[in-house]
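Pasting the structures here.
In the two assemblies presented below, chain A is common to both, partnered first by chain B and then by chain C.
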Partner chain A sequence: MKIHHPVQLLLVGLMLASAWGLPFLTHAPNRLLTGTGIELAALLRGERLWLLVPVLPLLMAPFLTPLRKTGLAVAIAASLWLAGLTWLAGDEAARLAGGPDSLVRTSFGGGFWLLFILAGLQANDALRRLNGPGGRQTLAQLAVYGPVLWLLLSGRLEALSVLKEYANHRDSFDLALWRHLQLVGLTLLPACLLGSALGLLTFRQSRARGPVFTVLNIIQTIPSIALFGLLIGPLAALGKLFPASGLAGIGLPPALLALTLYGLLPMARGTLAGLQQMPEGVIEAARGMGLSPRQRLLRVELPIALPVMISGLRVTAVQAVGLAQLAALIGAGGFGAIMFQGLLGSALDLVLLGVIPVVVLAIAVDALFALLVSLLEVTPR
Partner chain B sequence: MIEFSRVSKVFDGRKAVDELDLVIPQGELAVLIGTSGSGKSTTLKMINRLVEYDAGTLRFAGEDVRHFHPETLRRRMGYAIQSIGLFPHWTVEQNIATVPQLLHWPKPRIRDRVTELLELLHLEPGQYRGRFPHQLSGGQQQRVGVARALAADPDVLLMDEPFGALDPVTRAALQEELRRIHALSGKTIVLVTHDIDEALGLGQRIVLMEQGRIVQQGSPLELLTHPASDFVRDFVGRSDIGIKLLALDRVADRTRHDEAVGGEPIASSSTLREALSAFITRKVDRLPVVDEQGRPAGTLHFCDLLEAQA
Partner chain C sequence: MSPPLKGWPKALWRVAGDPLPWSFAALVALTLGMPALRPLFAALFPELDRPVYQQDSFAALVMAHLSMVALSSAIAIAGGVLLGLWVCRPAGRAFRPLFESLLAMSQSFPPVAVLAVAAPIIGFGEAPALIALVLYGLLPIAQGTMAGLDSVPASTREVAQGLGLDTWQSLYKVELPLAAPVILSGIRTSVIINIGTATIASTVGAKTLGSPIIIGLSGFNTAYVIQGAVLVALLAITSDQLFGRLEERLGAWRTRDATDAGAARFVQVSGR
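== the complex of A and B ==
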């Protein structure tokens, strides 16, 4: 047998190790006690053994000849395996759950998480080799998680502790989601405008390039918690000077300011790179034919730079999703609030409730922008 | 049409163009030639104010170019460059329509003009108007570049080494197109090159520049037969001046129309240089000549190549 995909081989090895070495679920009488682990092997009895069917193609994945068909087969198997793992966890949790007032907690164990991530990586790797147009590939990557999403929405996982936490905190969860989106959305607008303006400035004035990027780089190296802290003082003072402005040291405005500052670098870099990859002679030809500076910018430079600029915006957006998590520390809310509540209360499930949506959100935002870029590139350049 | 009088341009304390005097009359195809850094490109770019001159006066159509708004001036002059600079996100049609659109021509007129120009440059309009630049070969791209420069029927065509990046076969074809377009339209054309054969083949007036000054200007024949200095003699090719002289005349000029011989014929539109090559490779002293339609037109004798230059 010839090994065609060393990456898949590594993933398969890790999959086997985590299936045997780590508990698949943990079970505890209540949320305060540490749970006891449940092995995957102990769960696979009787009809549940059918869940192992998609594992076979996954085990074979490293040795399959690289074809469209085989890649697709591995991705579908991985998708089914992801759904099977999730269903198994939900089903077992439901079996272990007592009455409606029971305090029993069944949580995902380390084994589940690793198996889940590894299957996701196998699907990702298999789809990456399909060589389709970028947009279709992104959609396929997302479709892999379709069955899992369906399980989640159908309520079959409700007995799991993370979803119990969700049921308990539904109101604050919705609020956090809304606030998190608000933080990201309100960051993108000024970061996009200011960042592209800086990119344009450094393109036109190469002398400004050094100083501007030095400053932006320095901002990027300040730890986010420190920046949030640093902004408290000056903004609080400003708020006192102009009470009508609604500015304060904590809350939404300082968080947005910090997130915008972090967003400037990728956006400015993307704009500069987009403008610099302009084919030789384009600008000279545009000038020579009598386009005014404004017409040059709007009709020639920006349209040509747009795909690379959107890539910069993509980095800014994904970064903002992650950084917004910490904005909870200065009272700006978002999923960080749930996460810190969980950390302070040693409630691991609550932490997960604050973290998993952010991971999903980051992936979704990334995919959205990837899709956008590929759409722009489909129109011939 | 274009008059330089004592025009200078200084870059970083060095005179790129030094008190230049040059008159390019209406309808002339003038070639600016020189080594790199001789100031030929700078001279060209001063005409459409891509480079502003520091001293002297430069007149276009009798008026100082500084009295024009730069954009207005440039829209009256076609501009084609070596790197072509087609807009990659626009189709061939949109590219060619750039200046007419800036001048707010009505849509049907633009469309007709694009069709006309594509035909002029031998690009099948139905096939090429909707294509994007990256779908074209280098030669086709420069054809579009030339069409774009001609689009708004400009008074002057400025060309900065337009064929420099093309392979020899494509370059020769496009030079032929330019010669045809010039004969057809009678436009004033200023072309910059460093290729002496291109200059001798295309130019009515050749302006040889060095260090921002004109070393010699005149017809190709004058440059070859009366070089003003050793520099000019070296530049036009000291050892093969004779060959280059032959390249200035056509077979048709020396054909004896009342004779006929057998063998593989040569076209009457070929240069005498090509005829010389044919004599040598075929080891003959007489060649049958055919006209453009391929009909026999007479005979070219080897000894007639020596006939005194007119």
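== the complex of A and C ==
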């Protein structure tokens, strides 16, 4: 047998090690106590052994000839294995759960997380070899997690501790989701407009480039929590001067202001880079055709710069999703509020309830913009 | 737009227009002199009983902050450079895509999330903070190392081979020196991120410059928040400027023709 994929071999080795070495689930009498570990081997009995079927292609993955169909087979097997792992955790949690008043908690253990990540990486590595257009690759990467999402939505995982936390905090979860989206959405609009205006300015006036980017760099350097803190004073003072404006030192205004400031650098940089990669002849041709500066901007420069500008917007958006997590510290809400609540109570599952959606949101936003860029780049002009 | 100056006014203008001396002076002055600003904070926030943070001296907090960043960055530099080197060698090249997906994945994981997940598992205090700092510091450095080695032109490597250097000599004497400015800019990003993450680390009980901010935010003491925030911001800006200066110095050769500079330098050094 020849090893065609050393990466898959490493992943398979780690998979076997984490299946045997780490607890798959932890089980505790209530939410605050540390649980006792449950091994994966102890769970695979009777009909559950069918779950091991997709493991076979995964184990063989390092030795398969690099072909399109073998890559696809490995990705499908990884997708099924991810779903199987998740189902197993949910099923066992349901079996261990007592009556409706029971305080028993079953949580994912380190083994589950590692197996999950490793299977995801195996699928990622296998799909990478398919060589499709960028947009289709992104969709395929997301489709791997489809079965897991279906399990989650079907309610088969409800006995797991994270979902119990969700059931207990449903109202604040929905509120946090809405607020988080609000923070990101309301940041993107001004950051996009101002950032691209700055990018355009520095493109036209190369003298302004130095000072503008120095200032934006310095802003980017300031740790987010410090910037939130520094904005409290001025905004509180403004709020006192103009009570009708609704400005205050804590809450949404300083959070949005800080997130917008952070978003300016990637956006301005993306705009400048997009405009700079424009072939010189294009501007000359536009001028020769008799386009006014305004027409040149709207019909020639911006459309050409758009894909790179959207890459800048992508960085701004993903960054805002993560930074918004900290806005909870200044009372702006979002998933950070749930996370810090869990942190204060040392309740890991509540922390996860505040962290997992943010990671999923960041991945979703990233994929969305990646798709957008690939669509724009494919369009012939 | 600096006016055309000559002689000492020009020198003065250059010093005054450079953010580094200003931010450094402000950092030192405020670290040592914060208690002296008590009347100012008392006037700004008359409702506060204790307008200046006194649980620890600001000098101690700056030192704690810096030592946490230094320790984690040292580990991250060692690990990140080795990792970056390995995936650029023939032996590790196959692992590069895997590594790049891991890097991309970590972008969607905010640093505070690592802290928040690590703290309940391994306990509150410095340990979860150091783990988060090392993990986050590692990635930009590895990325910088990869980008730096990629930026060495193939022709330079061939010239080095032609001079009879073996793989290790070529790496140490040609490729690494050429890649140094890019690696350094990775280290710069990493250290700046770590200064920020160390600030948040006070939410899991580590004592850093974030402590006055967190205590101030939870106790509605805006003066504490401002004191911590100003110092952290100055610390980050000063470090960033220092790294910028270092990068300029290391990258000075890039103004010349970059292609064969490494090999030319080696020729000079070895006296051939």
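For the reader, a short list of remarks on this structure follows.
The definition used in the following text is that the second predicted complex is superposed on the first by the 379 of 381 C-alpha atoms of A that agree within 3 Å, B and C clash if a C-alpha of one lies under 4 Å from a C-alpha of the other, contacts with A are read in each partner's own complex, and residues count from 1 in each chain.
Keep in mind that, in the parts below, contacts are C-beta pairs under 8 Å (C-beta built on N, C-alpha and C of every residue); 3 or more make two chains touch, one makes a residue touch a chain.
If you're wondering where the values come from, they're calculated on a predicted model, not measured in any experiment.
Once both complexes are superposed on chain A, the partners chain B and chain C fit side by side without clashing.
Shared-chain residue A:207: touches chain C; no touch with chain B.
More residues of chain A lie in contact with C than with the other chain of the pair chain B and chain C.
With both structures placed on the common chain, the touch criterion links A:354 to chain C but leaves chain B unconnected. When the two complexes are overlaid on their common chain A, residue A:7 makes contact with chain C while staying clear of chain B.
Centres of mass aside, this uses C-alpha centres: at chain A, the angle toward chain B and chain C in the superposed model is 80 degrees, to the nearest 10. In the superposition on chain A, contact of A:249 is made with chain C only, not with chain B. In the overlay built on the shared chain, the residue A:282 is in contact with chain B alone; chain C does not reach it. Of the two partner chains placed by the overlay, only chain C lies in contact with A:121; chain B stays clear of it. By the touch criterion defined above, A:326 reaches chain C but does not reach chain B.
Here the smallest spacing between CA atoms of chain B and those of chain C, following superposition, is 16 Å.
Residues of chain A that lie in the contact sets of both chain B and chain C are absent, per the superposition on chain A. On the side of chain B, the complex with chain A involves touching residues 48, 50, 70-75, 79, 81-89, 98-99, 102, 132, 134-135, 145, 148-149, 158.
Listing the residues of chain A that touch chain C in their complex gives 5-7, 10-11, 121, 124-125, 128, 207, 214, 217-218, 221-230, 232-233, 236, 249, 318, 321-323, 325-326, 329-330, 336, 339-340, 342-343, 346-348, 351-352, 354-355, 358-359, 362-363, 366. Residues 279-292, 295, 300, 303-304, 379-381 of chain A touch chain B in their complex.
Chain contact summary for the complex, chain C toward chain A: residues 1, 19, 44, 94-95, 97-98, 101-102, 104-105, 107-113, 116-117, 119-121, 192, 195-196, 199-200, 203-204, 210, 213-214, 216-217, 222, 225-226, 228-230, 232-233, 236-237, 240.
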